[in-house]
Amino acid sequence: MPPRFSQAELLIVTVARLLEGVEHVAVGASSPIPGSAAFLAQAWAGGETRVTVLGSRRNNDFTDGGRELFDCAAQGRIGAFFLGGGQIDGRGNVNLVGLGHYPNLDVRFPGSFGSAYLYFLVPRVILFREEHSPRVLVPQVDFISAPGTSAPGVHRPGGPHALVTGRALFSFDKTRTRFRLESVHPGETPASIRATTGFDYDDPATPATTIPPDEKTLALIRGPVRAAIAEVYPRFAARLVPPEAA
Amino acid sequence: MPPRFSQAELLIVTVARLLEGVEHVAVGASSPIPGSAAFLAQAWAGGETRVTVLGSRRNNDFTDGGRELFDCAAQGRIGAFFLGGGQIDGRGNVNLVGLGHYPNLDVRFPGSFGSAYLYFLVPRVILFREEHSPRVLVPQVDFISAPGTSAPGVHRPGGPHALVTGRALFSFDKTRTRFRLESVHPGETPASIRATTGFDYDDPATPATTIPPDEKTLALIRGPVRAAIAEVYPRFAARLVPPEAA
Amino acid sequence: MTGAGLQSLEALASAIPNGASVAIPPDYSFVAMAATRALIRRGARQLQLLAVPQSGIQADLLIGAGCVESIECAAVTLGELGPAPRFSAAVSSGRVAIKDSTCPAIHAALQASEKGLPFLPSRGIIGSDLLKVRTEWRVIDNPFPPHDPIVALPALKPDVALFHAPFADRRGNIWIGRRRELVTMAHAATRTFVTVEEVRDLDLMDDETLAAGALPSLYVSVIAEAKNGAWPLGLAGFYEADDAALRRYAELASSEAGFARYLGEVLGARQAAE
Amino acid sequence: MTGAGLQSLEALASAIPNGASVAIPPDYSFVAMAATRALIRRGARQLQLLAVPQSGIQADLLIGAGCVESIECAAVTLGELGPAPRFSAAVSSGRVAIKDSTCPAIHAALQASEKGLPFLPSRGIIGSDLLKVRTEWRVIDNPFPPHDPIVALPALKPDVALFHAPFADRRGNIWIGRRRELVTMAHAATRTFVTVEEVRDLDLMDDETLAAGALPSLYVSVIAEAKNGAWPLGLAGFYEADDAALRRYAELASSEAGFARYLGEVLGARQAAE
């Protein structure tokens, strides 16, 4: 019998697989699942992957102030980063500012954070948003906090690598400036993804199903990963172990 | 009987008088007499003048690395600084690079240091060069490390305030872009200054004689000033007390 | 401490004039919360907040209490506790003007002031709508190969930098540890106001280990003592955030009436201590 | 120390290839003199030195020993001991190419690399002949009022940053105290090579006081132990400069024959210890 796992655990392992080979993963604000995925990738790599978590003391060796994350990325020393978005559109644009017509927004989000910079400079930016609905995944964002692609001639070593939601995993094709459905999470179908996605995307003839975490991976998530993420996200860590495993 | 004093002591008091009212004096490399003058000005101001000496640990509170001196000056937080010069010309240009035709110099000096920056930004830059000869005070420098004046429209809150040599004190007139003889040191005459100065300058009908240090000032120089400067310039401090006072 | 720098918390708050632009650090970095309450008590108005580069409860409190006219920030959020309710309401309604930015742009614009420069170039940003709404930002040509377009960010020079620190020494030097955005803020600002847990009878510059984490008094205008001055936020390495108090804020601040109740509870209860 | 970073002094010197651009700190800031002797012993050639922003005995030694092809600097001098004789001779004769600069221009150009920028603007410089001889420097228009001319300095990205520090921790973090030009050098350089007095069995990041003076291992490629590794220069807060040894250098280096004698004396005598 395959092991039981939570939605969070599935997402952690799905994101962690995208971090293979990355030497230094940085994790920004409000990112418990990406943060956990980074620690899982670190555990898989025998500790060799460096993980920097904003707001952490134990997993943040920066000593040059708030700018160091951005300088470090510009130096090419950060391989992967995560962005969310109140809205994400089919060209990889993200909106962290609000819904409606700026500045008279109907809904105000916290703000763009470092997205308008890191999205340009970090080679592997993973878009993560648990809610997968036409409300979030839209044809066009109301406000471009950070664009998915740039005009030729604009310095842009970085950009979107993949999009992970509560329902599916997409890759991003920079040439076609479109997402491609890579796998649907257990319980979803190509049709259910199409129905809940507000933007158009490519899909293969037979999309795969996202591979669930195995026992060994679950043990890592529930052990060292949970312990590491608890420092910055104690509420999230408390929810991480399913009740039946407690 | 007036007190006996050394040439160094006369120059220290002459420079110190130029620092009146300055809140923060910075002293660069190879500047034992300007450094001593800054400590004397500090003693006169009851300790209220801040003195920052490059290369000092006791009199240097900078904690942001080598750039802090320059950033601090650009912020307008340094009121006075000193520049020397292998050559100084009548328009206040200084040459710290060498004699001859660059890059095939006949004589190479150490280099421009921060002159090409601080001369623009520090309101009261005091030019100091003990040797007063046509070799040093020239009609035109061979290499402009830093110009005495700038074209209109160039951002330049700072510039030359005075020139102190082993023979005389000059002020600098920014409008006329010329030096003006303010006083001749004891033993010199207007004629001896004219004869040993390679550039043209204005002079008053009756130039004053530089006022020598009084007993109280000499006590300060030979006491706290000497003690303070000894940290960075031990050889200079050892020479500061005349043999007869030892 | 010798010198005229040491004042009461109330005097410090009064010395920040209405209408001043005030730079504040992010929630994880030495936030002057006691001074924030003192500003609210004195009825500060029309502050132009600059979050370096984001804020949380501090900006939300000042906005809710009517002290703020505009805010420049990369984000305002209560983090795991959700959006910043007073910020969101005030910005949506247009009662508080917002200058949306991105973290490195705020750091860079402060570094421009630190260097007395009119601007600093920045990577990124091109293609973001931030460039449309920040009409004062310019795209210039990189004068070097490949001559690509690059954003020029005008310098930000706050009137006041305000933060809380573990301690000052007797000469007015402030120990800020590795929170070096505070150094940039102080270098960039005209005046820097600091609350500290305590003034210690030592000289930070006497000890290279301590000096490494010191902001020289050269940049500091006013210091006031404020025990637990970051509460309900934490002071990294000294005390943790008061989770229950932060949760209480997030709950109450979700409505205007609740926010007023919070102010009543907290300003009253802490006045004696502060 | 765990990890592959810890190597011998010889291995460190061998890992700096001929032709590399090497950033070095000023004489008062943690100079890797033992590594400098190791570079001379291994016969390093065609180094492109970058003094940050000036140098003294270190540059003079490397130049005298024939290791250097070019040097970019704001100055090279032995300070109170007079001019740097091997530097002056080599530059006057044209044997070593010089890129004359000014201190803040070197700091700014490194900060440009630190930020991944093609350039940083700088105040000053306009009207200096440096602008004539540094033909790659550009004067651009400040895009903001008053639209005055301003110098754009292209980024400097050294292949290697090389310095000496009091200690490393077991994770390869380096304690640099307040010598923060070393941080900028390491951020800007592709690789950073550090000699340390010792490796201590602690984690600098566990203690906020020590962390404030730490350069994270993230930026460090190679570490080697070298006791008294700054000799004959001092290591601020740890040991003073060896005045007699520096005077001896200044005397001997004033002639080529004397310099050769100095090399013979010092390289031989210290080889065992290093």
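Every chain is named by a letter (A, B, C and D) in the order it is written, and numbering of its residues begins at 1.
In the analysis below, a residue touches a chain if its C-beta (ideal position, glycine included) is under 8 Å from a C-beta of that chain, and two chains touch if they have at least 3 such contacts.
Here the structure is a predicted model, which means the values were calculated and not measured.
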Length of the shortest touching-chain route, subunit A through to subunit D: 1
Set of chains adjacent to subunit B and to subunit C: D
Most widely separated chain from subunit D, with each centre as the mean of CA atoms: A
Length of the line joining the C-alpha centres of subunit B and subunit D, rounded to whole Å: 29
Centre-of-Cα separation between subunit D and subunit C, whole angstrom: 36
Whole-Å gap between the CA centroids of subunit A and subunit B: 59
Subunit C: positions in contact with at least two other chains: 108, 115-117, 122-123, 148, 150, 178, 183, 211-214, 236-237
Subunit B residues counted as touching two or more neighbouring chains: 57, 62-64, 70, 74, 121
Chain-level touch network, classified as line, ring, star, complete or other: other
Set of all touching chain pairs, with the criterion as stated earlier: A-C, A-D, B-C, B-D, C-D
Residues of subunit B that touch subunit C when the two form their complex: 24, 50, 57-58, 61-64, 70-77, 121
Contact set on subunit D toward subunit C in their complex: 108, 115-123, 136, 138, 140, 142-144, 148, 150, 152, 154, 176-178, 208-214, 236-237
Residue ranges of subunit D touching subunit A (in the complex, touch as defined): 113-117, 173, 183, 187, 205, 211-219
Touching residues on subunit C, where the partner in the complex is subunit A: 25-26, 28-29, 52-54, 73-77, 79-80, 83-84, 87-88, 91-92, 94, 98, 100-105, 107-108, 111, 122-130, 133, 146, 148-150, 178-184, 236-237
Contacting residues of subunit B [partner subunit D, same complex]: 29-30, 32, 54-55, 57, 62-67, 69-70, 74, 96-98, 102-121, 143-147, 150-151, 153-155, 233, 235-236
